[in-house]
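Let me give you the structure first, and then I'll get to my questions.
All chains are identified by letter, namely A, B, C, D, E and F, in their written order; residue positions are counted from 1 within each chain.
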């Protein structure tokens, strides 16, 4: 594994041409700027289910749900811009696992974490693999220590117990004791567009993950999405209470004209 | 095998001919009467594992276990007659998702909930789909409010956290943020016989679901099943205690003649 | 979406209430009339690939391809209205295989063939099952003898060699030596709407199947589809020849303005 | 590769020729001796993740992770020598379920439990089957009563709630209400080499299972594995704390020369 | 269920204790005698479909179809006693691929072929593996040269073209260029009972494979099966001809009393 | 969709930044030079099976077999350098199917064919998709016309019959009538490294595909591989003939010292 550095013409962090397939560090530059944290928090508040529906309405995104990664700690919600990491199948003439790398700085998945800032979400296309543990406890302790929001993987982690005890948000296909290159995959590229759980994800997309699952909000749609979904929610809390108390669906969902006065009364009591 | 014609006894809303496939409301009438609630509770007490075995013995039902739906809250047991709901793959000339229905009363899955009474279980053939959320929180708040026991789906729900917080029993393949017609399926028929998790379910079958999974008891077999399984259980509690304390399997399970006097002694101490 | 009640127009044999689940013959009436055979032949000429694209354009049917059934004799094309047959998982309290039926007229899958006329295609929802052979050689000899076009199954046939030797068109998931109720499924309903290979099929839909696979054309769309697709094809034969001879894609597909005079010349030579 | 013949050393009950396939009790003799319990406990302490990595390093075992069985109670760890149990698909001329055995001593899976001693782990090749419950509560109450560590199954258990309440460690593919021979498999052999979750397991292998999953340590490698892995861990606790507090990965993992003095300081404070 | 001990009757090479897992040659002795070749040929004539049905009728074998292996040359039928070969997942402490064996006689799959006689069928449990080619052209040239009937694999072959050109019958899951131990499996045992395509197969079972698929006939049932199936077939050829000519299914299948005189007439013309 | 073309400012090899995800043409430059055609033909002669084994021996490439694509015309062999084409899941804010592109030059998969030269093989990562037909007859008529060797797809083609009639080599997962963007994927990048059938493929790798399947030879290993495999084959033809004639495997494969004189004799007769 040679560390190619044609820095003279490129500037770090960089992506070197991929067609003369010498082993190299495929690291795209960081995206220009982080989204406004208040907006990200507002998106977390809305939740994946409403976002999924709104993305269909405002952008025609039929299905933004990543199928595969599941919450490892029900009740948790995370949000933040995506740092992406792509694994590929190992091909031994190109990639060789020599003592799990002699130079640890050649471990490409480290560099995804180096790029990450507080509030970021690392999204990993691990090809649905169930037998390689993409990250272990030390890597994710570092990521947690620098304020990372969480990790979404179409694959697995190892050292799962210690990682979950830190409180870091993990959405994965499961756990495995194996390490990241123990079986058939290896980290290939950082911050390239990836497919995770059957969805296209760009670096900088805003990820929101909760019990329902993970969605990626295109960065440019975040504001519009917030505007629209705030219109919705107003009477829903009222209706939910009435329904749980035995009210009829026809009357309360959606809010019928008959029930509107009742709702207006209720609203006053809420203030 | 008889050729039945009971059309005279059916009253609308009802299932009508499906061959001139205009879009229509396929809703079969409610089944004649609910089972005795005490019997249902007794079946819940027995549990899915004993029911599965007894259904094989008394009715030759080799495998009554629905493979796919899993308990979303371990420790819970539900029981009740089945209201069935069948989804089909979307075909756009027949079914079109116009703004998620302009007239919400055309949402067929609402009608499954309208039909449901306190103590009922809604069973959904969602075709194993992992990307459409059959019900969301508002729908199931209504169902919970009217006393529904739970929902069994060979598919997913959305708004999972809020739904599970109500305490409603859910057995599903998982969660998704997508809504019920967001990807490839739509509600096609209420109260028709369905296949759920690879098992045939008729409206009115008594559903019992616990940590082990979901079984459907044919309504006419409920009484017989109760009779037989009460015979079993008597010495089992005794044997369980002895086994947990280190007793030998040969002596206590099934109860051997040698252990019977010991059991008789124990029984006296229980009274 | 209308609430239809056309019970007055139905005649036995017919589908009746299924909720009092005595074993019964679930046979819906035949659909009113066969499509014009010339139109069906024109649709066969167009082929599944063009039909699939046109159904998207004229009716918004995103995906009309049945995934699962494959041609058992490459080079063959069939077309005709669908007779549908639905299998369900066996539940032994409801359905029992007594000596493979004592009264063969109770074999429901026979009745699908009885209903079939010359030019029809039998479409079977066998639930993707790979271990029950829906039809054997005698059944399909009869169907072939009466002029049947072919059979499409999301499942298997048995006696495959003798069946294929007759020249009958078969699209299936494969072959099995088992007979139709040998493992886990049984014939449940004739001429009800079914799901085959993940697509909704109504009785009377026009089926077209070739090497590319099987599509169902809604009967009412057949004429429109023919009109539109005839517009397309005119210059395609010319372009194909030029491309195979080394012509450039930009020039010949789609036909560029530069190549149009050349095409006009060629057209004259074809007359 | 040697041609072994140690028949003289075998004592009944034992595995005999299987080629004249009369139904018989296929039970291999117990393995010669249990591993030192202190060593097993040390292996549990190390955990599946480290073991998996070390097995690759010291023995070239690329992937020792059993894919399929998952922890049914996160936070638990078990370890012990493997008693193996192999299921096979039922073939009715050979195996018949007559009233679930008239003579319970013919239930082969009992004998796996009879062989088990305190501290053992029963490992079951249930062929990935999701519809037969290999063990129920009475069997496992007995196993728990005699001090069994846990059960690993590439398949399911029934009576799951009562079993998990005892605290017995279970790694399975899930739960089912069905009993062990209700659908398609039956117990075929005790203490033969098996494939469980895609891994070869010999009787007497030391099983370690935790949240990350299950691994089998060849008995002869246990000591070497313990020696090597104790070398590793020393500075890891220090590094983990620093990383969680925001330290940089390059400095602390692996421990850099720059950070070593800091570590030495820290170590003094730990004593 | 008897506890058999026929150790006295076994002669080496034989299966010995497997619990002290030194690498060894696990080769069970050949089965006592080959079946009468005329009977095997008669079973081939009957075909897999009829055998599958008859095995259910006479022996209660619900499903004798091996799911997975498919005919690689439609139109071919083979039959013969089974030599079995079992693969297991590689575990590197036990099995190591040293230069593809330095001593080729240690290649266990060779020994399956050594045992084979003219007319035998080698049946391989390759665990459904799609990336290891169990046999290549040289091995199967030898098997073909000694008169082998064919090979059935729940796995793949390599050098497929040259193998199929010899005319040897192959039923497999497909082809691969990889050799037999290139990925994750290795040959573990010869002439032990195996699971192939989900069916239990004993050495000496009579295998019949045709376009419909592969079945295993227990050796002791061969004669009975032949007797019964000869009763069937007599009028079937007559009926098939009539059906293909447009005769009605009710009249000709099964042969009705009305059609019997016509059949008797036809029979005379056949002599 | 904007057609970005900044070729004037970029120099080959180039890749346009993908992180500001405007829709763009992701086309890497062609690789520097084609391999010597004689060497490619020699590799075709050797075949995929030998190449797979040799790649393991000379480069440690454990498994070079692409699992998924199968030969659509048994008996054919192709070889040539890889032009790669990668599909990604559709995300509607980024990619919209407007009338199947108004400007056909924006169809990215065309550009893969534009880049291709006589003797090239187009390798497509279609993500295993079974419902989008990557190429149709017109596209591949052009590719055939310019001398293309063939197409390897982890996905499907449409217009399969007409394509196969041209004689172009196709290795695919199957056929579909749908066009390339009809369901869930779209062409994302040309000549980037891809994963096809679970194997890493670089542009310029030498593809060899025959009945056994598809392998990719790293360009730099082609010469070495040819040298080594020519050593092998010499006595194999002799041994194959002897084995087919009934010779013993031990004598002829590998060639034993005893058989060497016989081989030397035979060799003389061959000259």
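One rule holds for everything that comes next: contacts are C-beta pairs under 8 Å (C-beta built on N, C-alpha and C of every residue); 3 or more make two chains touch, one makes a residue touch a chain.
These numbers were taken from a predicted model, which means no experiment stands behind them.
**Q** Going by the touch criterion stated earlier, list every chain that contacts chain A and also contacts chain C.
**A** Joint contacts, listed by label: B, F.
**Q** Return the chains shared as contacts by chain D and chain F, ordered by label.
**A** Touching chain D and chain F alike, sorted by label: A, E.
**Q** Please pick, from B-C, D-E or A-D, the pair whose interface repeats that of E-F, with more than half of the contact pairs identical by residue number.
**A** Comparing each option in B-C, D-E or A-D with E-F, the repeat is A-D.
**Q** Using mean Cα positions as chain centres, tell me which chain lies farthest from chain A.
**A** Centroid comparison gives E as the farthest chain from chain A.
**Q** Based on CA centres, what chain would you say lies at the far end from chain D?
**A** Centroid comparison gives C as the farthest chain from chain D.
**Q** Any chance you could check whether A-B or B-C wins on number of contacting C-beta pairs?
**A** B-C
**Q** Please tell me the distance, in whole Å, between the geometric centres of chain B and chain E computed from their C-alpha atoms.
**A** It comes to 42 Å between the two C-alpha centres.
**Q** What is the distance, in whole Å, between the centres of chain C and chain E, each centre taken as the mean of its C-alpha atoms?
**A** Centres of chain C and chain E (C-alpha means) sit 34 Å apart.
**Q** What is the distance, in whole Å, between the centres of chain C and chain D, each centre taken as the mean of its C-alpha atoms?
**A** 50
**Q** Provide the list of chain E residues touching at least two other chains, using ranges where the numbers run on.
**A** 62, 64
**Q** Which category does the touching pattern between chains fall into here: line, ring, star, complete, or other?
**A** other
**Q** For this structure, enumerate the chain pairs that meet the touch criterion.
**A** Final set of chain pairs in contact is A-B, A-D, A-F, B-C, B-D, C-E, C-F, D-E, E-F.
**Q** Which chain F residues qualify as touching chain A in the complex?
**A** The touching residues are 13-15, 17-21, 28-29, 31-32, 55, 59-62, 64, 88-94, 96, 127, 184, 188, 191-193, 195, 198-200, 202-204, 218, 221.
**Q** Can you tell me which positions in chain D touch chain B when the two form their complex?
**A** Residue positions touching the partner: 104-105, 110, 113-114, 130-131, 133, 136-139, 141-142, 144-147, 158-162, 166, 174-179, 182-183.
**Q** Using the touch definition from the top, list the residues of chain E that touch chain C in their complex.
**A** 47-53, 56, 62-65, 67, 70, 74-75, 210-213, 215, 236, 239-240, 242-250, 252-254
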